[in-house]
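Letters are used for the chains, namely A, B, C and D, taken in the order the chains are written, and counting of residues starts over at 1 for each.
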Amino acid sequence: MPMDDVEIIYDEHPKLVDPILVEGLPGVGNVGKLAAEHIVSEIGAKRFAVIFSRYFPPQVIVQDDGTIKLVRNELYYWKREGGKGPDVVLLVGDIQGITSEGQYILASRVIDVCVELGVRRIYTLGGFGVGRMVEDPRVLGAVTRPALVEEMRKHGVTFSKGEPGSGIVGASGLLLGLGDINGIPAVCLMGETSGYFSDPSSARRLVMVLSEVLDIPVDLAKLEERADQIERITSKLRDLEQGEKDASREDLTYIG
Amino acid sequence: MPMDDVEIIYDEHPKLVDPILVEGLPGVGNVGKLAAEHIVSEIGAKRFAVIFSRYFPPQVIVQDDGTIKLVRNELYYWKREGGKGPDVVLLVGDIQGITSEGQYILASRVIDVCVELGVRRIYTLGGFGVGRMVEDPRVLGAVTRPALVEEMRKHGVTFSKGEPGSGIVGASGLLLGLGDINGIPAVCLMGETSGYFSDPSSARRLVMVLSEVLDIPVDLAKLEERADQIERITSKLRDLEQGEKDASREDLTYIG
Amino acid sequence: MPMDDVEIIYDEHPKLVDPILVEGLPGVGNVGKLAAEHIVSEIGAKRFAVIFSRYFPPQVIVQDDGTIKLVRNELYYWKREGGKGPDVVLLVGDIQGITSEGQYILASRVIDVCVELGVRRIYTLGGFGVGRMVEDPRVLGAVTRPALVEEMRKHGVTFSKGEPGSGIVGASGLLLGLGDINGIPAVCLMGETSGYFSDPSSARRLVMVLSEVLDIPVDLAKLEERADQIERITSKLRDLEQGEKDASREDLTYIG
Amino acid sequence: MPMDDVEIIYDEHPKLVDPILVEGLPGVGNVGKLAAEHIVSEIGAKRFAVIFSRYFPPQVIVQDDGTIKLVRNELYYWKREGGKGPDVVLLVGDIQGITSEGQYILASRVIDVCVELGVRRIYTLGGFGVGRMVEDPRVLGAVTRPALVEEMRKHGVTFSKGEPGSGIVGASGLLLGLGDINGIPAVCLMGETSGYFSDPSSARRLVMVLSEVLDIPVDLAKLEERADQIERITSKLRDLEQGEKDASREDLTYIG
């Protein structure tokens, strides 16, 4: 079987009602990936397809039990109780495409899947790196249609002129652009983050907004725990730094 | 709908008389882009097609109202009063292709469009970076046929041996080369510019020449305004610099 | 004859019984390549196909007799006495693919060959670089199925959580990943190595393990000789370095 | 007309007797290009095809008369008096392919042309950079068949173990490798050169050898003139340098 440039291998072909796609792949502060994977795990979404591609890096991941996993993206679904939808499809994974052309081709194939599944709306999740520590991370938005701005504002999403100034790069941007061309309204939600490390605190805010938007209760405990861990580490680093500064000051006083 | 490598989406298929293509995409000093977009806006040209491509960067631009725009090139047309032509087609956009192969494929597709529309001549617009401030920017030319040299000189275009020494890279060069292969005479007009910033002053000179060549009156007020803004900023910078030099000299005198 | 992107030219089409693929291409410490080429040479495996590809570098190697060799991979086979198998197929070569896409396409074509030949298992050989001199190199493993972990442990292969942390990149990784997708169980054996130079000592350990696993007696004399050469060189370097240190100490004593 | 990835546009389809291909494209010291273009010009070879390609850089060259030329390779032929051959085909040009894949595809297309024309042998010309000034440049060789070594030695070509150690990269290497696969014997002739500048002196030696090998008298005057120019420049530079050293010595004497 010759391998296609993008190989989508289905576990099953679920029938979904008015599905909504949520995408969270690696990126700035890994905010989108953390948020999407948290939702997959908390709502018990079921995997229905794996995506391999020659546009991914030529790499396998060695897992703790000694088995390997070829780098991949995965599609999950979750059916809402009552069978009247809207159901949810989630796109998560280890990596994004590593060339511009690969990014376009992969996003285009995901849009094909959306069209087949009858996806009604797309939410892409990402981080918005600001290059400084963020106490109370905002969730910024970008949309394909003006009417979506007001709708998202009601859920606490910030639309701020000039943010992000550089546009949105990668899957989170392309799924909006290609979604729009294919008539699927789409929203990008970006959790504000320093961008210095993997940021569960920013991801937590993304999940809060998305949980409200999608009307899915999502337990936040695990993300909060990870956010607390990170907070303890960065706070210790701050103390150490402060200690050094104080020490220098004492030294100076002494000299003075 | 699987996405083609270059996707041209038409708003309409205009019937044009002896059309002339004018290309102005981002490049040195953004001179070509500024000039072409100014013409589009001043003559009220109408968009008839959008070009998306996997050879563009995988990026959406976030606009001031919070909506996004997948990076793109656009084609506009303008019909001359009286219906006897020559009409004008304009190619403008956010970006150029980001690989050499992409550049060739995109330019080749534009030439296909030219052939379909019956384009009789191509003008590509660009900047000619000289690496120093330019008081009175020249418009340099390069052409596909010797006879065009004299024709362009009559409109004040400079042909100067060894300028540009490095040739012309990107869409402005390729549309000449591929135009020539396809039997379409073509001219590249390059506005002299420092290349240090976006240069409306150089773009203004390009538009003056092109307005005469195409016999289209184009109001220059907006470009002049932007050129004045830039002039005020650079002049302030020069004053500051001069002030510092004078201050140093005073210091030296004092010491002396 | 237009050249295909991957051109496999067969010397012959051997009929093999339950064949096992062993791959050893250039990589960290050249451990995999040294080990696989040693086996090819010691068991007298016969070449049956050459692989050329535009995904390899555009380069010919000039050999000692003045003739050239276009860079390539090669496939060898070895038939076990008695005709009941399992027979062995070996993949060796000068280079690996030089782009990610090329790596995927080449590995995918090798898997096609495996399927055609009825390959039952794949062993890929590589180096595991630790960035320091290694006295007694371990052989680390990674596998496609949990049951293979125990099987390999019995042959002295180490499975160690977090090693290698960065996963396995290139042909050695992809043949596992793509083998798994195609239902072929696969094992990667990695010889521990400093990664600073071509490491026959680490390759020797790989061959020892593989010789036992495949039940093929392989004479190790030549690898041991090369390992001794390297040992003599590095030991001299250590002595020189130590000498300098001692000299400095004497100097210091003298001064003291 | 959509543009092919490699577009060969024929001026004419010459009928040739036992033709020999000579390739000289840009490379180390431009030795191959200088030599091949000198031969084209001196024997009055006639152009019969132009090669454009998306694997070349997206660039046009602006010529002294203001007209442009899309970067290209060109094929010339020369028919030997008497009509009994062997005739000569020459491949020259501004550039080589700029990706590895492009290099393979272009060389493969040239081999297709060779097969169509019935080419009996290929000579590729290049420079062998040694990183120091060369008084009396050797011509080094590499061949596809052992018998060619002796044949070339008779014409003064040097075969030296380990030279070039890094193999032959680009068109000069690939045409040998792909020629060999297609049953066309091939020779690479490399003029020794510092590699610091365009080297007509080394090219002159290449032409001398090739003129004897092909039995074509080629006037060397123009190459000798250019070599003398370069010699005058580098000799002045040496004098200047020496002068500075002497001056320093005088200074030192003075101080002493």
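Going forward, a contact is a pair of C-beta atoms (placed from the backbone, for glycine too) under 8 Å apart; a residue touches a chain by one contact, two chains touch by 3 or more.
Note that this is a predicted model, so its numbers are computed, not measured.
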Equivalent interface positions on chain B and chain D, same or different at half: different
Most distant chain from chain D, judged by the mean position of its C-alpha atoms: A
Rotation, 0 to 180 degrees and nearest 5, that superposes chain C on copy chain D via CA atoms: 90
Whole-Å gap separating chain A and chain B, where each centre is the average of the chain's CA atoms: 38
Chain A-chain D separation of Cα centroids, rounded to whole Å: 54
Touching chain combinations (by label order): A-B, A-C, B-D, C-D
Chain B-facing residues of chain D, complex: 1-3, 5, 7, 9, 52-62, 64-71, 98-99, 102
Chain A contact footprint on chain C (complex, rising order): 97, 100-101, 103-105, 107-109, 111-112, 115, 141-146, 149, 159, 161-165, 167-171, 173-174, 176-178, 180-182, 188
